[in-house]
Amino acid sequence: MDRIRGLLGERILEMTNPAVRRIFLTLAPQDLVWALGRLKADMGYWHLSTISGVDLGDAFEFLYHLTDDLPGSLHVRTRTPKAEARIPSICSVIPGAVLYEREVQEMFGVVVENIPDNRRLLLSDDWPDGQHPLRKDWKHVRPEEKIPGGKS
Amino acid sequence: MKVQIPIGPQHPALKEPIGLRMTVEGEVIHDADLRLGYNHRGVEKVAEGRSYIQNLYLTERICGICSHSHSTTFAQGAEILFEIVPPKRGQFLRYLVSELERVHSHLLWLGVAGHEAGFDSFFMYVWRDREIVMDILEMISGNRVHYAINTIGGVRRDIDEAQRTKILDLLAVLRARTSFYLNLGTTEPSFVGRLAGVGYLSKEDAMSLCAVGPTARASNVPRDVRKDDPYGIYDEVPFEVCTADTCDVLGRTVVRIKEVLQSYDIMEYLLRNLPAGPVAVKAPRRPKPGEIVSRYEAPRGENIHYIKSNGTDKPERLKVRAPTLGNYAATIAMLKKGFIADIPLIFAAIDPCICCAERSVELVDSRSGRPSVVRWSELRRMAGRRAARDSKKRNVEWPL
Amino acid sequence: MRIGAFIPELLRHLFKKPATVDYPFKKLSPPEGFRGTPYLHPETCIVCRACERDCPAEAIEIVELSAAEKRFRLTIHNDRCIHCAQCVDSCPTDAMRMDDKYEIAAFSRWDLKAAWEYVRAVVKPKAPAPAPAAPAPSANPPSDNG
Amino acid sequence: MAALKPLLYVFVYPGLLFLFAYGTFCEWFDRKVYARLQNRMGPTHTGRWGLLQPVADFVKLMAKEDVVPEKADKGLFTALPVVGLAVVATAMLLVPVWHVSPTASGFNSFSGDIIVLLYLLSLPTLIFFLAGWSSTNLFSTVGGTRVLTMLFGYEVPLFLAVLSPALLAGSWRLAEIAAFYQARPLLLLVNLPAFAISLVCVQAKLERTPFDIPHAETEIVGGTFTEFSGKKLAFFRLMTDIELVVSSGLLATVFLGGFPGGVGWGFVQFILKTLFIIFLLSLMRAATSRIRVDQVVSFAWRFLAPAAVGQLLLVILLKGFMP
């Protein structure tokens, strides 16, 4: 933790350690690429497990789950307001992130800047634009189940 | 002449639908592209509307092969949120099942690899012996596929002494058979000829493209959550991380068989040192608010669940990352400059579990939003109409 | 590298008994503890609705037929059941059980539903009520019974 | 009576009727042995021990809907299965079963019939290629090119290997070759390497594992047969079965001393020897994994062809020393 603090210094907004070998770090979106580059180069955090997004109501929170050869994992958190959701692409640092960024982009409707490939990943091609299923205000209404036939 | 060959969404090499599009020239692949999303179930969204105990079974159904891995990952995370610790015997049994599942998954993969390479006898024999593992699992848990042995706070079933000795006996049989397959898989010339040098993924690529599991380990990246971030009982069980430096499909085969052999060691340790006591503790209904990241080494690689709780009996957010998704980027890199004949092998070598990787959104009927029953005749007419419309758009024209 | 490395193993099995079973004509029996189809023992059911609430597939539906008589109808939608046996675990009075049938396919989804009509039993739970089922039966009405 | 005899040859024995029955039996035998080698059961329930399973498959396919792709060359697409069946059935007439006397030659036994037979056996390969190419499907096209690529690999070693016993016998007539080895059975041992080479080549010709590359299902779906359905597919399958019978009959004639002994015993010998060869082919199928098409060609030219040439040299030397 101290090494991370020394490495990133002032730009850390918040750092917690809620469980064994788990470090949560909060950064501003514009510092993300720089910070991940430093973490990769100096601390060996080269592996991005995934990006998870959470809808907080009026903002989105994105967690970049990083691991390295050392025990434990680092979770870099960043927040962006829902009205103008933008996060930078980290593909320049970690090329394998593109799939996760595509997923986040279509699920939350956030704009990932400079993403090398912004096609849809999981949703079908004819999915309507502007529908982002993992937002909390996107409600899925389960259709009534119809079983063919019937008790005669 | 460059030709685009569609592999999937329906193709004999794929056990689940995925769209691979290969640009080939002759037999050599020049480019590969991937389209996911044929297998959506919306697990993450559904999980937000269900209680923790229901989600346990939901996560189990993320995958059919590594079902235990997802439910264990979820249970591990939930137990931290609930602030309970499962008893020792429960943990031993939980990770016993998890190693059994690893064995069954790797043997399944080995058989599939044999089948993809056209080595059907190998496939039949491996799967015959895989039945032993399936029988053990069925005996322990009551089902062959969805073991449902986990509960929040431990496991649901105990094993007795007779079962313990029986499992140990069967493990000895399995160990002999697995050694035979290791020997066979690396000596049969036609099989080795198909595997060696295929799907090269250098160590640097494996690292930068975030490969996980046996795919990474075969490229000499010793990543194993069980060692790196020991969960459960893995900090007290002796085992080794198997790696290979050949960086090809043969290496992935060898890594998997060696891991199976390691799993036998782990299981024997667990069974011989099985502590007495209860197998589960009672869990409260609502956890404390908080968030947790749970990691687990599934047979295919690292499983990661991010659970955020808001204090109610339903999780605020459940994010699931299955290992296969992490390997797709690496697969594309592996496919380039390969032969058409290698596609199934390379693709199978990451042990893809497509329904694991795609779990995000429930699709009712993407076109109209309402479920509709289409008559056969209607379907044929639609197909005909579509063919008439699309026939001119075919990018490959008949060359003669 | 050894040419024909597999041949001895193959020939050894040529006249052995096959490992497969001639399935629809010969059947293997499932092991003890096999999770088949859930069924109800109406004599012991106290209608605590623990099974209904915990069922991950929402396959159990309990309807009150008559409040005065305390008559209930419990329907198990086996077309939705995922055979996880959580209802067996949740049941405080051992009224839910699993049989060991494994050939449970049917031609219509309606044929798969099983229903029991019964009067609520007054049985003391064997164990002190299990933790997940602790709240009052009707405190948590099922979200939707689909 | 004399006019009836050729008709009998063509339609009953060893013509179409016998070929249909024996071809399906051989497919059953192959499947059963393959299954038993893998510790499985194989066909069990259609007829006694599943004997009628290939027939049932054939009948079922005949009853299925027949789809011709829109862009395919319809004439060629339809004609190919029939032509292929005709070619292999014709080839069977040249295999010297009991009705041929080594001395008298007739319409189905003449000097040089071994060459004709080999050429007739090459034709199915071309037909498979045309079948793949004419169906315009991507997978079929890839399969078709693979068929031709493989042809360049195995055809030369096969010819060389089959011709070396003929050279030793000093005859280009199958019946005479068989008679030569019946008189001197020990000389068969000389040809053992050629027998092995031709077994491998026949396996490749029949497109069975390890050489089932043109219709490798995990790579290119059905390969050449992707677009074929119904009756056409049934004909192709029957054609493959008959090709199996004819090629094993050829190998049995040339390498195992033919089928002497008149009507009854000759027939029994024919069955036993062909089944022995089919057993070897099944064993090879079970013991190997499919290889890549480039590996087939390099394997054939690096190992099979030199070995076949060596065998030929051996035979020539031996012939020089022989009286």
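A few notes on this one:
Note that the chains are named A, B, C and D in the order they appear, and that numbering of residues resets to 1 at the start of each chain.
The rule we apply is simple: a residue touches a chain if its C-beta (ideal position, glycine included) is under 8 Å from a C-beta of that chain, and two chains touch if they have at least 3 such contacts.
Computed from a prediction, not measured in an experiment: that's the story for all the values here.
Listed by label, the chains that touch chain A and also chain C are B.
Among the inter-chain contacts, the highest number of C-beta pairs connects A-B.
For chain C, the chain with the farthest CA centroid is D. Chain B and chain D have centres, each the mean of its CA atoms, that are 43 Å apart.
Between the Cα centres of chain A and chain B there is a gap of 23 Å. Centroid to centroid, with C-alpha atoms defining each point, chain C and chain D lie 55 Å apart. Remark: chain A and chain D have CA centroids separated by 60 Å (rounded to whole angstrom). Multi-chain contact residues of chain B (touching two or more other chains) are listed as 121-122, 125, 128, 188. Shown for chain A are the residues in touch with two or more other chains, namely 148.
For chain D, residues that reach two or more other chains under the stated contact definition are 37-40, 286-288. If you sketch which chains touch which, the pattern fits none of the simple shapes: not an open path, not a single ring, not a star, and not all-to-all. Every pair of chains in contact is given here: A-B, A-C, B-C, B-D, C-D. Contact residues of chain B toward chain A in the complex are 36-37, 40, 42, 44-45, 80, 207-212, 222-223, 228-230, 290-293, 295, 302, 304, 306, 308, 316-317, 319, 321, 325-326, 328-330, 358, 360-364, 366-367, 370-371, 373. Against chain B, in their complex, chain A makes its touches with residues 18-19, 21-22, 24, 46-50, 52-55, 63, 65, 67, 69-73, 75, 94-100, 103, 107, 120-124, 126-127, 133-134, 140, 143, 146, 148. Note for the complex: chain D touches chain B at residues 37-40, 70-71, 136, 138-139, 142, 209-210, 212-213, 216-221, 286-295.
The part of chain D that touches chain C in the complex is made up of residues 33, 35-41, 44, 283, 286-288.
Considering their complex, residues 49-51, 53-58, 60-61, 121-122, 125, 128, 131, 135, 138-139, 142-143, 146, 148, 151, 156-157, 180, 183-184, 187-189, 192, 282-285 of chain B touch chain C.
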